[in-house]
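For reference, the structure I am asking about is given below.
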Amino acid sequence: MEILKIEFLKLRKKTRIWLGPILVFWLIMIAYPLTVELLQDRLQIGFFSVLWIAILISMMLATEDIFTEDYNDGSLEQTIIQESSFQVGIGLKVFVYWFLIGIPVSLLSFIFSFGTTQNFELSLPIFPLSLISSYIFLNIFVLGNSLSLNKGSVLGALVTMPIALPVLIVLGKGMTALQFDINFESFILLLLGSLSIIIVLIPIVVSYIIKAHLE
Amino acid sequence: MIKKFIHQFASPKTFLLQVERSYSFIFFTSLCIYVFSIVWGLLFTPEDFVQGNSYRIMYLHVPASFLSQSLYIAMAVSSVTYLIWRVKLAAYLVIAIAPIGAMTTFIALISGSIWGIPTWGTWWQWDARITSTLILFIMYLGLISLHNSFSNYEKADKLLSWLVIVGAVNIPIIKKSVDWWSTLHQSASITLTEKPSIDPVMLYPLIGAIIGFFGLIVCLILMSSKNQIFIREKNKSWVKDYV
Amino acid sequence: MTDNSLIIANNISYKINENKLFHNLSFDIKGGRALHIKGKNGSGKSTLLRIILGITDPTKGSINSAASLQICYLGHKNALKNYLTMRDNIHLLQLNNHIKLNKYLDLIGLKKHLDVTVSSLSFGQQKKLALLRVFLNSSNLLILDEPFVGLDDDTHEQLTQFLSNELIEGKGLIFTSHIPCQIKSDLLELNN
Amino acid sequence: MEILKIEFLKLRKKTRIWLGPILVFWLIMIAYPLTVELLQDRLQIGFFSVLWIAILISMMLATEDIFTEDYNDGSLEQTIIQESSFQVGIGLKVFVYWFLIGIPVSLLSFIFSFGTTQNFELSLPIFPLSLISSYIFLNIFVLGNSLSLNKGSVLGALVTMPIALPVLIVLGKGMTALQFDINFESFILLLLGSLSIIIVLIPIVVSYIIKAHLE
Amino acid sequence: MTDNSLIIANNISYKINENKLFHNLSFDIKGGRALHIKGKNGSGKSTLLRIILGITDPTKGSINSAASLQICYLGHKNALKNYLTMRDNIHLLQLNNHIKLNKYLDLIGLKKHLDVTVSSLSFGQQKKLALLRVFLNSSNLLILDEPFVGLDDDTHEQLTQFLSNELIEGKGLIFTSHIPCQIKSDLLELNN
């Protein structure tokens, strides 16, 4: 619990880290209709693609410095020395990020979907879908950033994109399923299943990776 | 006990001597098999009545696609070996295979694209298997650049191994993509469990081509791991003696 | 493990990319004793400390530590958040409720700067703030990597005083320093 | 000229800084089709929006660390001491970024457009459009980043958004004009006009902001 | 401006948030002379150097500098790129073709580390690399903020030697240091 409190404090003080990605998400979603001619049905077609990409990008931005700063200023060493369960610490950290960034973004996703499609049935499932997918993306990018720690986020993106793209494929398929009302739950279940594995495995892997970095 | 055995067996020195002894044998047999199969496939098999002659690019495409995944699996196995038993040789193998894997994936992409023009009428399609092969290619590039970005080899080895293992989730996705989503791309026609859905006249040269190509790639890997060993253990006395 | 040894190092060696940094070092640290590690730049002092801390694995040999061991570490890096104020940093270090906080804030003379962001503080003031972690430690082994760097003479003196006191109270101390200091300590020279 | 050479050298050595944004651009463009059902005509509809957003985002990423790193490690002080004309230095720096990131991204834009629409007439103008807009975006984000230099604030993002959005609108309108073949040149001229003002003003403003930061 | 004065400070004062750091300081630096600025942590030494450099404006007073003035500055921060190798850093500093590069690389003993990234170097080695900028300078005024920090005794000695030589060659030197050093210099104490 102590870890949770500190992580929250840190993020609260550094507004940019959590507000930034949310703003970028918002920017993309606003930018989208601006760049298309404003016919309702045309708007809808590309809409969900843009939505998933926006979530992907904002989560990428959110995690960009998740460890770099602590690594550079030496805090990470201190954490490793003191904390008995480093993995749990990482898991909680990702959770805090998700709480402060993933949840607002998911809410915004729902709002934008409703605003665009004017279809409540279709928009409501967007909320759980983006909750889950944002958490998955966060975890994946955290992995990438731990790998590329002081090497810059690009390497991280390069390295994790291949892992993130399949999720996008599933999301795309899921939206089609939703629109044609076939078998939508199985996609949610598939994502939830992946998430439950990822949520446990990634913090463990990341803790090993970070320890290797610090050596 | 097991650990000791592995370490003894997998000492770079033993490995190198072993490579030295068997290299030319593997090289020449696979070369013969590959050339023979290709000649057979290209000259002595009938034209396909749907695809005409264009299907013959299969003798390059199928082995390359097959190997692009197999090599990744080989890397993943080596990575696990390295992380659990700390076998240095395994780490050398991982980084030795990566560029070759990237190369075969690239061949698969290019040959597939070329094949696509006459058969599908387009050289590219955002189809699940093709896309995931592209993803695999990016993955290889990512692995290589990750390893290159560290000056401390031990660190680079560990990080690379972790990434290889995590990235292995892509392999089943590529394998299964054709079954999950109806796509343009052909589904597997050679499996271990079922009877092949391909005409035996084309099948045998194809199997030959796969085996031959496989052998040639193995030779490449052996060369590149030899190179790795020299780079990494250049300060060891036995390497100095050897050179 | 003898009665009050905090850490025992057995024949540890360290190589990096096949270059030896040090070879077959053995030593132990008891409560109430200090160990001063000396050596040229790049001789491996910090690396040795990190091995003792368990961050880095030695290539050979092993480190045994007492079950009661609690380490307070300060490295070359301050582990402070530059963009936060002193007050927030103290909060992050969870020292804000420490009973001796005020005493030591007075001692290092930073009380009036509590609301200044760390990046605006002078180099030495930042180091002092980092040292607060040491002054308010509740550990039994202090591991300090060049703690005197950037400190003015008064603060240097205060830190020496403090560390000597901790030794008297039975804590262990391992430190490196290129700057001569008055702490009674055993010497370990690293030469490659 | 000396400054230009050093900037090029610096970027050449820091591969990730220029290659990264290009890769991210590429990845977004690849991610897009993955999330849509794979029918050619549907792909085309959202395509240009995604394209402009991808350019926006990659330019944002490109400039993200343009000053922070130099500020934190003390290089910026050194530059100010040595360089007689700091503004020109900044202008050149932005130019180098554009040369190494904006131009390749514009080329990729053209290629992706052609690949998706299979329409050469339509895709060719994408090249100059993205050349100009990427330069504008770069300048805008450079301004934002100079504002939020060492602070954990979102100031930069907040300031730059209102400036970036109008550009997006113009781009969107421009695309419509292009598709219906009306008055396309005037959009190019409008963008060129804005660029020519921005290109002079922003480096000057930024140089003052940075000096204020260093004081 | 007298004949070989490099910099003249007239009654400069500096306040930060209405706190005086120093008040009415006047001094001048001539070629061949060194000025050692002393004072407690946070007394404003680094700030004074930044005022001399023209980065910070003094609250009152002015700095006049000779037309020929060419400054080489090394602050608390090393101005190195941590993620690049030594070789690349030297390249960025445009010192890669300097005729004396090899001599000084040998002197500080970093030649064999040319392809190691700076972040892997030891603290002292990083400082030495930063000092390369000073060793290979082509300026007539050196401004160094605690250049001896983190250096081992040999390197400390070499730097002292080098700086003394530069003074003999007629260059000016302003530096701060908490560590005592053997450079012949005038003293400027800051007290608040």
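Letters A, B, C, D and E name the chains as they come in the text, with residue numbers starting at 1 for each one.
Simple rule for what comes next: a contact is a pair of C-beta atoms (placed from the backbone, for glycine too) under 8 Å apart; a residue touches a chain by one contact, two chains touch by 3 or more.
Note that the structure is a prediction, hence the values are computed from the model and not measured.
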Pair sharing more residue contacts (C-beta pairs) when B-E is set against B-C:
B-C
Quick check for the class: compute each chain's Cα centroid; which one is farthest from the centroid of chain B?
E
With centres defined as the mean C-alpha position, give me the chain A-chain E separation in Å.
46
Geometric centre distance via CA averages, chain B-chain A, whole Å:
33
Mean-CA-position distance for chain D and chain B (Å)
39
Provide the C-alpha centroid distance between chain A and chain D, rounded to the nearest whole angstrom.
24
Tell me, which residues of chain E touch at least two other chains?
76, 82-83
Going through chain A residue by residue, note those that touch at least 2 other chains and give them in order.
13-14, 72, 151-152, 155, 158, 161, 165, 169, 215
In chain B, residues with contacts to at least two other chains
131, 151-152, 154
What part of chain C is in contact with chain B in the complex they form?
16-19
Please output the residues of chain B touching chain E within their complex, sorted ascending.
151-152
Chain C-touching residues of chain B, taken from the complex the two chains share:
151-154, 232-236
The chain D residues in contact with chain E across the complex are 6, 9-10, 13-14, 69, 72-75, 77-78, 80-81, 211, 214-215
Along chain D, where are the residues that touch chain B in the complex?
30, 33-34, 38, 43, 115
